[in-house]
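Labels for the chains are A, B and C, by order of writing; each one numbers its residues from 1.
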Amino acid sequence: SVIHLGAPISASCTINTNCSSLTAIATKIVWKLDWEKLPEHWQHQREDGTLGSNITLPHLNHTHAMLSCCLLLAGTPQIIGQAELQAGYPPQSPSNFSCIMNLTAQELTCQWKPGRSTYLPTKFILKSYNSTSKDNCQSRKKPIQHCVSEDGKNQCSIPRSQLPLYQKIDIWVKAENMLGEAESPHLCIYPMDVVKLEPPILQAAEARLGPDSSFPQPGCLKLKWEKAKSSKHVEQMCELQYQHPGELSWVLVPFLNSGPQHAGEYDLCGLLFATRYVLQMRCVRSSLGGQLGGHWSDWSSSLELTTR
Amino acid sequence: SVIHLGAPISASCTINTNCSSLTAIATKIVWKLDWEKLPEHWQHQREDGTLGSNITLPHLNHTHAMLSCCLLLAGTPQIIGQAELQAGYPPQSPSNFSCIMNLTAQELTCQWKPGRSTYLPTKFILKSYNSTSKDNCQSRKKPIQHCVSEDGKNQCSIPRSQLPLYQKIDIWVKAENMLGEAESPHLCIYPMDVVKLEPPILQAAEARLGPDSSFPQPGCLKLKWEKAKSSKHVEQMCELQYQHPGELSWVLVPFLNSGPQHAGEYDLCGLLFATRYVLQMRCVRSSLGGQLGGHWSDWSSSLELTTR
Amino acid sequence: PLSSSNYLPQSFLPQIQEQVRKIQNDIEELQQRLCADYSLCHPEELILVGQYLGIPKPLLKNCYSQDLSLVACLNQLHYGLQFYQGLVKALEGISPELAPTLNILQLDVGDFAANIWQQMEDLQVAPEIMPTQGTLPTFSSSFQRRAGAVLIFDYMQGFLDMAYRDLRHLSQS
């Protein structure tokens, strides 16, 4: 049985009347919690003459314990029955609930913080409904197959085949165990609006030639970037950052809007002459109607170039 | 269809009589292998007046190709039928066939060399029978569930639940594809006789005190070793090797027989004073009736100690 | 005393020793788990339950007596091992944590029984048909199954000690 940690618990132990042979040889019942003998005054024998005992533990402070009912036989407690006790807490509402659409793995992965430990097996179920985009998901259409997260993983993924990417869904996570259940706040999202793109690919391009000479323009680097294969169809805004090797701080280059092309080139100038730089780039699904439509990708792998 | 690489292949293409509309507008059949038009003289039209053509390719040197039958219509070949051609070789007898019993994973894993590439999907099936220990596996008892290895993996594992560890089994691998099949030599083994133990655990022990002093004996190291959990029950012979850091060569210490104990101590002396050493240990199932009964374990993780 | 054809080959003994050690290691691991997880540590605290469940104890009496007979001893040993394999199988469902080791124990006992049967076949003393198992106890609660496990494992350790001593005795010295 499962109870609140610290709550009282009662148990009873009765010797069947057809075990009269037992009652002839042993008359005393003792209780043990794991290996510890319980105080006699917690229990009281039956008044109706049958051999049995009821016990009440004032507070159960073990999250797991075995309560044993024993018959004293020649000084040795004979265990004749056991109850497995579990104690813990009902789940708190999961917090920091967020979702990411991964176009490569083709799944919507949501994660959350479970809150205080419940000490009990607790299930987290990711629930979602197709919704209409009109009323902020007040009206629900058909349910999407929910996803049950393995204990302690605090994330769950719904395969894209279950999801409309460009329709609103009402999604939340429900925590439940033997002592209760609790829900996270709901999200009302277009899965594509929480897309996290794969990082772009950054490469060196042929150095830019100076306006009137055949030498590359000093303090400039010509870069070639390409969208990740899984998000070529997505219009993206990108950021570049560069750093002198060994330094910690990065210099951020303002947005370059990729528009619909898959790849492009970019001239990064204003750099020191004959100096080695480390460069990285990241992108986000760009503003459909003005606001950002997803999570920034991770930074691309670093590219090391030296200006000439 | 699947044929030997380099062998001739014939195909025929017939225009159904009820496609008379076709024969009115196009009278010529041409053949293409992938994108390459095939020589006209390889084909001959039907004598019986029906529009059709038989072609023979003298040697098919593609491992995979599409043979297309086309009707010439206003100069453009109209593909009206295709045959997928595959060519390769029958499998060779798998060689270097050997098996290892892994007590941790609780499975018998066998591996082999597939021989020349067949260019065709080729299946490898690990087959085995319970046998009697008397006659070197001539007489077979009941078959053990065989194991089909994924293409190109060249190894397969039989779970211990299918295997008697202390009874002889007759085991071999069979390769098969569309062009034929071939078998490896058979092994007649007790699975336990091909056990590969997990490496032992090597630790430092309290340094050995000199005979008449409270100082550790110079040039000595005291080691504690323990058998891996999965092979505590196996009597083992072990080897120790040590090396000065930075040097390549190892010095091998002759066998120490573990006998039935799970763990033990060992004094390694004759070393340089105040010097750092790297030590490793490995074990093998020891001589049941004289011959070694398994494969050496990998070397244990290194232990670095300094003599005092 | 046994005639030479009545002895087990000397090479058989190291294998048996290894198998007995493995089975006894499996049992020790299960006993430690039952003690840690369910406070069921001492068979002497379960005498009453044992009587109630009526768990039989296969004996090995022909192996160490005046009228010593290799065939009778191996038969009893094989029967006992098969019976214990059945008892261990009856414990299935005892708990998810114990299940993997219980599974391995069943395989190890089965291997040992098969090895004894193989020896009987090799010595041409194996009966025509393999004897069937006796009736197994039934457990009506998880407590009974766990208490039964403590008792069964205790009996098995004793049986295995005797089995190894007898087989050593039966091996040509």
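General observations
One rule holds in what follows: contacts are C-beta pairs under 8 Å (C-beta built on N, C-alpha and C of every residue); 3 or more make two chains touch, one makes a residue touch a chain.
Computed from a prediction, not measured in an experiment: that's the story for all the values here.
Chain contact topology: the protein chains form an open path, each linked only to its neighbours in the line. Each chain gets a centre from the mean of its Cα atoms; the one farthest from the centre of subunit C is A. Centrality by C-alpha centroid: the chain sitting nearest the overall protein C-alpha mean is B.
Between subunit B and subunit C the centroid-to-centroid distance comes to 38 Å (mean Cα coordinates, whole Å).
Measuring from the averaged C-alpha position of subunit A to that of subunit B gives a distance of 38 Å. Rounded to whole angstrom, the centroid-to-centroid distance between subunit A and subunit C, based on C-alpha atoms, equals 47 Å. For subunit C, no residue reaches two or more other chains under the stated contact definition.
Residue positions of subunit A with contacts to 2 or more other chains are absent. Of all the residues in subunit C, the ones that touch subunit A in their complex are 38-41, 44-49, 52, 142-143, 146-147. Residues of subunit B that touch subunit C in their complex: 106, 132-134, 160-161, 164-167, 192, 232-235, 260, 288-289.
The part of subunit C that touches subunit B in the complex is made up of residues 10-11, 14-15, 17-19, 21-22, 24-25, 103-104, 107, 111-112, 114-115, 118, 121-122. Put simply, subunit A touches subunit C in their complex at residues 19, 22, 26, 32, 34-35, 66, 68, 70-71, 73, 76-82, 84.
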